[in-house]
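Two complexes come next, and they have one chain in common, chain A, joined by chain B in the first and chain C in the second.
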Partner chain A sequence: MVETSGLATGAGGASAWERIRRRPYPFLLVAPAFLVLFLLTIYPFAYMVWISLHKWPILPTLPRIFVGVDTYAYIFGDGEFWNSVGVTSLYMALSVGLQLALGLTLALLLDARHRAFGWFRLPFMIPVFVSPVVVGLIWKFMLGYDLGIVNHLLRSIGFEGVNWLGDQTNALLSLVLVDVWQWTPFTFLILHAGLMSLPREPHEAAVIDGATAIQTFRYVTFPLLAPIFTVALLFRVLDAFKLFDIVYVLTRGGPGSATNVLAYNIWRKGFFENLLGYAAALSVIMIAVATVLALALIRIMSRQTPA
Partner chain B sequence: MPCRMPSNTLRTRLLGAAAGLAVAAAPIASSAGDLVEGSDWLKRWDGVKLTLSSHTGPTTDAVKAVSAKFAELTGAEVEVIDESWTDLLSKHLADAAAGGGTYDILTWPYIWTGHYVEGGLVEDLNGWFAMADLADPRFDMEDIPEAVLEVYGRYRGSASPNPDGLWSVPYKFDVYLAQYRTDLYEQAGIVDADGRAKPPETWAELLDNAKVLKEKFPDMQPVVFPLAVDDPMVATFLPMIAAYGGAIPIPWYDGNLYPEFQNGPGQEAIAILQELTEYMPADVLDMDYDRVNAHMAQGLAAYALNWNAYLPVLLDSGSSQIHESVAFDGTPGGPAGRFSGLGGWQMGVSSQSANKEAAFQLLEWIAGRERGVDLALAGGSVARFSVANDPKVVEAFPYYPLLMDVLKGYAARGMDRSWAELQRTIGVGLNKILLGEDAMEGLVNTARQTFDQAERAGYTPAKTAARP
Partner chain C sequence: MTHGRLTPLGLAVRLAVLTAFLLFFMFPFYWIIATSLKTQVDAFAMPPKWLFDPTLGNYAKVLLDTEFLRQTVNSLIAASANALITLALALPAAFSMSRYGTGGKDLLFWFLSIRMIPPIVGAIPLFVLAAKFRLIDTYVILPVLYIILNMPFAVWMLKSFIDEIPREIDESAMLDGCGNLAVVRRMIVPLIKPGLVATAVFCFILAWNEFLLANIFTRRVAVTLPVGISKFITEKQILWGYITAAATLATLPPVVLLWLFQRNLLRGLTFGAMR
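Up next is the complex of A and B:
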């Protein structure tokens, strides 16, 4: 009775342990996967939650003090945390919004059956293959105020140079620009593949019914494409939410705290300032938010998928 | 007889084996204790492997060359690991926490000293330098400026296990210096009685010069400072706040970590910095040390501040357009005097090293007086009077004597465990003021944040006064 307390009782009154004992094979088959999941995900996450409840210096020679939820209370009262949340949300909305809009526009404009599409598909995808750190470095040089090629081009056609990285608003927009440059091909590819897989009959019916191109897109194409669109949205939202490398290379969270996104803040707190408890608490919050976002998007996606 | 024979045989065999072992062990024993031929202190360390952990850069490259000679003489194997400096502290702490003993010699910037000393990562070197059989008799501690030893070697905070301990010796000497274009200054008429370019002695004078230079060369940036958020922002503000009366050597807070930068000196310093930024590039708040140096080397600015480690680039005809016209000076001063900001790295013997004696000798070898000139000529940054006065060094790097001269007045950043966090907060706060936030309000808000952070780190700022 002691061993089985707390476990769900199955049909016919048999406890979970009893059922495992009677039919062990299904559980044995699942066990390796569960073990891997436990070792690589569940245990580290639980340990991170445990750390977040402490002041936790890396060195065991310094005291590790249990502070409960004190760190969480401090974080929620910290203006810099809310600034990070605001910056991350704004970045995510602008960046993902633009990527999907551009990716969808390009997908609609380009006809994959045309031979030319095959020629430029690979070059178009190059930004996706490049490491974000390299992308950051390339753009760091290109966006330089005095020596950057972007301002050089702007000046050569009569415009003023833009203070891309030294101004609070522009610095955030520069991050968006770089992310859009890198990841729009990805959204384009997914949405284009989605468009190519759509049945042609509904479109033909719409044309016969006299629908305009916009009406066809609004009432036929987009609803059919919606599940794939949501997949692209899910990928990009979660990726943008944990943006780190481009910020690390391009702005270091500055100027001021204009680009101090959550993931960069966690890295700084954990690995530069050695506030492991604080960084762990931030990570727990970030994982919780990411999970809610992912669940919401999956829910939307499941509603859109035909039964 | 039958019984004695085996006994004798056994004794003979045991004696023989013991003798064999003794013979076999003799080279090891004598090699560990033997002096290197021609040396009166350096021992042979055959079979010993030493690992020095440091950051990427010219000083570490020079240390590699000097360490190779140590390996050649002593028979030790020396590995110098260089990697990005930003990850070094967490690697050292993680290794210490795991009890790994991966490193024999650790190097770190003094702003991390609290972690190394309070965490027990390094040995107190006082005892080691007192060991006659290991210490280099010509190491010459007096040849190292006292200011440098104070900042790069001591840890006098209230949490120090020994406030008089010597935890490290200088590894890379960094002083904030001014660089200016003599041609532009002379053309603008900013000259001394002999008609030679006259660099500013005060921040107010620099502001006046900037106005003159802007008028004379409208397309030129009169001034450029590293003001990117965090480290550059704080390093640049350091000699300014000191010049306006900030406490010396650490103007940011007192011994209890009660913030002081929000007071009069901080307010005056930020006011003049705000005025100076009007004569700097538009994106100066994105400019770190590398970019400021590139800006100067490209001939885009008339006056800059930077660490001395960056200056060789400006003197190199292959990479600098101003190599013939650039000159160097200390950072300007103010009503309280003229102070130089100290940066730099130090090295100590890891408390987890399995070969502390050999590690200590390698440390002495790298930092000793006799290798100083070689280290400097190979690109290292050395804090020794003898090096700064060496003709070959001065010919190659004419700013070296200045490095010693500016140490008459110096200021430093923090060294406690929470400094990385406090520096970030101060850097962001100052950056925001330069972006337009009210200075007084910004300084006080930043002071409140640092007060809270110091308390959370276990320090006691409230012992000095209530939260600002």
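Up next is the complex of A and C:
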């Protein structure tokens, strides 16, 4: 164990292969996990690129026709694709923006230590650990136009009932509402823990120097909180990007294609309309975007993680 | 912003805010459980009934007349098998990465990057491959696929637990002549038992709740609970009595597990950002 510390730092510039040969055990221990995950991700990805170059019906008996990059060219000229890009972006911006703003507001409001706050941790974590299908169904039930409880409550305080799921704009906002409901407690917990872990001295110094509450937040608290805020932001952005289950249960991409987010569009093309080649090409595009987002997250987290 | 001790008034105000917030976030659960205990007539009464005679009729029907029990067993098999496989693969890897820095940050973040792949993207090629090997709708496919979802969490969680154990402990065992695997088995496993259990529970819950892949890769035999529940939405009608009862039952295991292991589960969810 004593002589192994050099390994992490590169063992004096020896090649990776040389290092593995000299001390195989650490690599043998990682190898099974790495290989299994590699086989389940990288190989299928290459295969998916291959599929995307074909017309590929889901039934193996039907012929596969090589079409090259035609599918990609078609996708970039397809209004349906750009619609789902727009819907997904709007959904991501609204839902992540709202849940972080709400979570941050609550965290700041509760910026204090007390034993009693611990009691709220468990209930706040529950929505995150409930199956998205169940979450979607709960809200489908509550958002019903005639018999849903939400409209009943609205009507009982004098408002009109809202057509939550049957109207193009409202359907997207309903998805945002559900995601905000499910994840705001979580962003609150993270940001609150982040706030609690900040050093107190800069804050006190700012107060002594006569800074207003807003100035203190803008110039002292937020910059210190920024790393954990960014991590929460990017995690939520990536999750929002993948949104599928709630759309499947709540709106099926509709009405029209108002909630036809990228993931749902791929599912519909591939497993509903049997256009696997088309769905594969969409997937390649989606993973390219996910990679850009993921690299941003990784660069930020990597800076904060000691090797 | 006080960031320190609170006055009694300050505390009361803050607890009131938290409680209001809590009620908002808990109400949907209350409403779904209440509905599951209502008769069909009470469930759709307008105005809604806040007071009603509770009945277990929906539960009896779900348990006896539907595939619910079978799907529960399927979910248990998929989630437990996956938790075991994932742990068996992730533990040696996490040990090696914690103690030898194997692969450095690159490998650590390669695992994390897998978490970023939208599952629907993997579903297309994996479906074609699984069909080729005749694995669709078998008990093998879901535990294998869920490795992709759970391995990043498992590696990061386990590594963070192993990182907390002083190196001297396994170094002394090494000096006594133990090999790497023996050190993991005799020293690390007993010491990180709570972390190991939490990681397994985390993988179990994620697999238990998973819908997208289960919906695509099962048909009839290996259907899991989330898929089964979604199928109560039929062409003709939505069976809300069944759905609310089944959803309540399906949500119980994750909530109980969360209650038992809450501290360590939060750590998994944030990839160690919160301890």
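Quick note on the criterion: the second predicted complex is superposed on the first by the 257 of 307 C-alpha atoms of A that agree within 3 Å, B and C clash if a C-alpha of one lies under 4 Å from a C-alpha of the other, contacts with A are read in each partner's own complex, and residues count from 1 in each chain.
Everything that follows uses one rule, which is that a residue touches a chain if its C-beta (ideal position, glycine included) is under 8 Å from a C-beta of that chain, and two chains touch if they have at least 3 such contacts.
This structure is a prediction, so every number in the text was calculated from the model and none was measured.
In the superposition on chain A, A:F271 contacts both chain B and chain C. Applying the stated contact rule after C-alpha superposition, one finds that A:G256 touches chain B and leaves chain C untouched. Of the two partner chains placed around the shared chain by superposition, neither chain B nor chain C is touched by A:L98. In the superposition on chain A, A:P60 makes contact with both chain B and chain C. In the superposition on chain A, A:R121 makes contact with chain C only, while chain B stays out of contact range. When the two structures are aligned on the shared chain, A:L90 is found in touch with neither chain B nor chain C.
More residues of chain A lie in contact with C than with the other chain of the pair chain B and chain C. Once the two complexes are overlaid on the shared chain, A:A211 sits clear of chain B and of chain C alike. When both complexes are overlaid on chain A, the residue A:A226 reaches neither chain B nor chain C.
Using the contact criterion defined above for the overlaid structures, shared-chain residue A:L154 touches neither chain B nor chain C, since it reaches no partner. Residues 60, 146-147, 270-271 of chain A touch chain B in one complex and chain C in the other.
By the touch rule above, chain A contacts chain C in their complex via residues 1-2, 4, 7-9, 23, 25-27, 29-30, 32-34, 36-37, 40-41, 44-45, 47-48, 51, 56, 60, 106, 108-114, 116-117, 120-134, 137-142, 146-147, 149, 152, 156, 181, 184-186, 188-190, 193, 195, 200, 203, 213, 216-217, 221, 228, 231, 235, 238, 241-242, 244-245, 248-249, 262-263, 266-267, 270-271, 276, 279-280, 283, 286-287, 290-291, 293-294, 297-298, 301-302, 305, 307. Interface residues of chain B, counted against chain A in their complex, comprise 86-87, 89-90, 93-94, 96-97, 115, 118-121, 228-230, 281-287, 291, 294-295, 298, 300, 417-418, 420-421, 424, 428, 431-432, 435, 449, 456, 458. Residues 1-6, 10-11, 14-15, 17-18, 21-22, 25-26, 28-29, 31-32, 35, 44, 46-48, 89-90, 92-93, 95-97, 99-105, 107-109, 111-114, 116-129, 131-132, 144-145, 147-148, 151, 155, 167, 170-171, 174-175, 179-181, 205, 208-212, 215-216, 225-227, 229-230, 233, 238, 240, 243-244, 247, 250-251, 254-255, 257-259, 262, 265-266, 269-271, 273-274 of chain C are the ones that touch chain A when the two sit in their complex. Residues of chain A that touch chain B in their complex: 55, 57-62, 74, 80, 144-147, 161, 163-168, 171, 251-257, 260, 268-275.
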